[in-house]
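My structure is below; once you've seen it, I'll send some questions.
Just so it is clear, A, B, C and D label the chains in written order, and each chain counts residues from 1 on its own.
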Amino acid sequence: MNKTKRSTEKLFGLSVEEYEKISELLGHEPDGFELGIFSAMWSEHCSYKSSKVYLKTLPTEGGKVLIGPGENAGVVDFGDGDVLVFKMESHNHPSFIEPFQGSATGVGGIMRDIFTMGARPVANLNSLRFGSFSHPRTPYYLSEVVKGIGFYGNCMGVPTVGGEVVFDECYNDNILVNAFTIGIAKKDGIFLSSKCEVGNIVVYVGSATGMDGIHGATMASEEFDLKKNKKRSTVQVGDPFTEKLLLEACLEAMEKKLIVSIQDMGAAGLTSSSFEMADKSGKGMLIDLDAIPLRTAGMTPVEMMLSESQERMLIACEKEKLDELKAVFDKWGLNCVKAGEVIKEKVIKFYYNSKIYKTLDVDVIVNGPEYKRPVKKPEYLKEITPVKIDNYKIPENLNDIAVKIITHPNIASKRKVFTQYDYTIGTATVVPPGFSAAVLRVNGNKGFLLNAGGNSKYTYLNPFTGGALAVTECARNITACGGYPAAITDCLNFASPEDPEIMWQFASAVEGVKSAAVKLNTPVISGNVSFYNETAKKDGDKTYVSKIYPTPVIGMLGFIEDVNKALTPCFKDEGDEIYLLGSFKGELGGSLYMELAYGDFRQKPADLNLDYEVRLQNCLRSLIEKGFLKSAADVSEGGIFTALAENAITNPEKILGFAVDYDIKAHGLRIDEFLFSEFEQAFIVTMDKELSGRRESGIAVILKEYGIKLEKIGAVKKNIMKINGIIDLKSGKIKEGYYSVI
Amino acid sequence: MTKKAFIKVMLKEEVLDPQGKAVLSVLKSSGYNNVKDVRVGKYIEIDMEDGKSGSLENEAEEISEKVLSNPLIEEFSIEIK
Amino acid sequence: MTKKAFIKVMLKEEVLDPQGKAVLSVLKSSGYNNVKDVRVGKYIEIDMEDGKSGSLENEAEEISEKVLSNPLIEEFSIEIK
Amino acid sequence: MNNKNIKAGITVFPGSNCDADVYRVLNAVFGVNASFIWHKDKIKDLKKYDFIVIPGGFSYGDYLRSGALAARSPIMELVKDYAVKGGITLGICNGFQILLEAGLLGGVMLANDSLKFECKDVYLKTLNTDTPFTCAVKKNSVLKMPIAHHDGNYFATGSIIGGLNKKNGIIFKYCDEKGQITAGSNPNGSLHNIAGISNETGNVMGLMPHPERSSEKILGSEDGGWIFKSMIKYVKEK
């Protein structure tokens, strides 16, 4: 083959060097089948070749962690013989191509990762990013993605209890759909993909294999008939009904101890499941391609291997148990066929048309390249400096800006989104979506909390802070409900790793995640990396690349001993006193206020003091546990005004308000700095008027122990929102706006 | 003059049709054993006012492609009466 | 021999069709002002093996009536090819 | 509560997903002896059960029409036989849709008028407290329960509605917090705000909201519990 002529398409997304490496390893140039397998297994998606060196630095042990990254999902001890299993995964590109099916299969895929481990999924979360709210395509993406998520999760009977929806121009050409699932299992009922024994039967279960999701790979292959392509579709179509049956069948087979090892077929379907199972078990396999149930007759071997048809699993079972296993899958009306055998030699031998078709070395395929790609501090960061507030005149009418902020699509209620998800199924949802963290009870009063999110704008402005903030912010939400942050999963969405500036963002953001996770003692037990979230665009004669902001998203699990003690952030009663717990900096860099008031958010956000953060959160939790507080909320996007306003209007039973007076002079702040600075290391808490009299005793002791300040700033009122005689709004009006934007 | 456009939207042949699959399995278990395959699609009737002649066909085509079907996974056919 | 039954299931005229209404409003807001009404139904293709002659029509009829449509709100028509 | 002598059967179809919730609530909260009936179980009849619950979910994926495919499955023949002989039968959400499709209740469910899945708390006005499902409910009381469905837009012809009215077969209507039956409190466009109906003989009820998700204080409402308490009371007093 003439090397200079080899197009990148021909290489299936592999680099020339990688192609040459493969030829060297094989001792010949790869044929279509081999190239298909390599391109899948050596892809960024499957091999983590650009991110591995950084992911290795994350804390993965300690606390209640039983199994960290490396399996389909991580496992945390929940006590009393139970474990929780969770992971988050991206499905960005498929969701951009076909938002309904893409998001649906994203949810289906992550749930499979969870029940592959032997856990019954008990809750879903998702983190969604769309283009600017006014972009003509945004309503379409929003409605289809939400429909797709609901379609799959609702049908599976797994409640979707939280998440986030963010709009930003940077996602106009690359939406993000990150899906999180948590499941519960018995400690001794966890299943792994690494347990295959020589002589085990390899069993294929679930839906038949079709042409779904076979992308560039076969496009470039000689075997691909372009004319046929017109009729073909490579979009993966989700079938939650079949997945529900697959879930029940798998759990039943596990319960009956019919499964030795199991791996879901996710990205690169049969290829990654077979090679990974073999590799992790240190074994090899015979795979009989003639046995694979096909939906489309005449699929070629490479097509079978690369198909991403949904709702399929690969199982290793003991020979004697095969019939019993078949009986279980038969009960649920699912395919269950013998597709091979586990062998000692670490190779996979493929049979096709009853003959040995190909033999591939497991190590060669699985040990893909690992890169430490060049990094370079992005040019734009030179311009990102702290806000010089004196250069900005305080706007005439801060009330108008306050209303703009509370009705901004990124702040306003996402009720119209989450009411399309069944969040009450499972009879476990104690605190539903719409507050901060979701609270679920398990047995009796024991429970856990979930939260997911991240702030890409801040990550863009300071990748380290953004990464750390994603973790602390989830932790704040969990702590404010009275929970203990326990462990996290991370979904890292970035543009191309081949751009040194992007790689620098990635490295710094991971460093931020790591620092916060270490300090807060929340190990990373699973996660996912999604690179290449960028699109080449043409604007007249100009071509440019539209890139997303670096978007690390965290999913966090917290524990609570008694869900009856869980706190919600909303105000409870008129007359309660409002306090500010923590420190208040008033830096406006990166805030929504700077954007809306001055059209300029490109300033450096305040730094995070992680040691202080830990003390602050522990202090808050102590106050909650002792029963001193009636509500607690962190100060996040939109600042203290937004936090107060939300607390006032989200009480499901009544409309409340507040009157707040803060001595800004004494704190050296401008009024807008007080009202709108974001992600302060502070919480707004309320107390019963009577109770606060006991400050001297209980509360003061706790404050002193942690060295945290508590300042009274006002009181809960009915229907008015007043701050320092400057903000003067009506709760009813604000509520109406807040709930009607999206 | 009002005309009717009848538009049939079906999943492409090689796309998984979960609905068809479920109906098939129920038909089989209800004893309709000679049923071999089921595909479920959409049928849309549109009442349209005919403006300039010829434009109606184009318009129905455009509507089918842009609104009624998803060209990635579906194909459609139009009949005008 | 395998034959195909094509079954069209539409809501009866007097039953409100929310899906049709939604499509209509999308079309109108996209500028298709000559569209007057939209009705959305189902189109089902069944591959059947022909056993005894004549029985196929009956069977398709039975399936349509008992499974594919709800006679309270829907009506169907069958074509066999 | 100990009601171990009361036997309840919960049907399970492929795709049922509220079966486990109903099971847990009946057994753990109300102390009933509830067990599952798999749609393919080889049993002759359902005589041994004091009542049957057809739980919610997406039976057969809700493909074609919600409830349609489950209604045609063999176990429904036994349910029909049970119901015709006076057996107490409750269909919740998808179970309601299955009862409609099986012809045990009159009318149909169309897609919500929003064309969206709707999950939220609703209020229900109890119009008839003289049924096996409501005999423990106080007259005219307003119950808070969650809905979670895509197709809850009840529709029926005038003659069916007439029949329901004549037999006091409309058991629950959507209302506001104060019990006013208003358009604003109708979550899905259902005809006359109908949320729950019974058959002519009163022994079969379909209900869109989920009583099993509102039978414990910790979940925000115990009102749904009144449905199960009624059924238990009715069985005990029979």
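The definition used in the following text is that a contact is a pair of C-beta atoms (placed from the backbone, for glycine too) under 8 Å apart; a residue touches a chain by one contact, two chains touch by 3 or more.
Bear in mind the structure is a predicted one, so any value in this text is a computation, not a measurement.
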Pair of chains joined by more contacts [C-beta pairs], A-B or A-D: A-D
Gap in Å, rounded to a whole number, between the CA centres of subunit D and subunit B: 35
Distance from subunit C to subunit A - Cα centre to Cα centre, in angstrom: 41
Of all residues in subunit A, the ones touching two or more other chains: 239, 241-242, 333
Multi-partner residues of subunit C (at least 2 other chains): 42, 67-68
Contacts with two or more other chains, residues of subunit D listed in rising order: 60-61, 63-64, 69, 72
Touch-based graph of the chains, sorted into line, ring, star, complete or other: other
Contact set on subunit B toward subunit C in their complex: 2, 8-10, 20, 23, 26-27, 30, 32, 34-51, 59, 63, 66-68
Residues of subunit D that touch subunit C when the two form their complex: 64-65, 68-69, 72, 101, 107-108, 110-113, 115, 153, 155-157, 189
Touch list for subunit B against partner subunit A, complex: 11-18, 21-22, 25, 70, 72-73, 75
Of all residues in subunit D, those that touch subunit B in their complex: 60-61, 63-64, 69, 72-74
Subunit A residues within the subunit B interface of the complex: 97-98, 101, 207, 210-212, 231-233, 235, 237-239, 241-242, 295-296, 309-310, 333
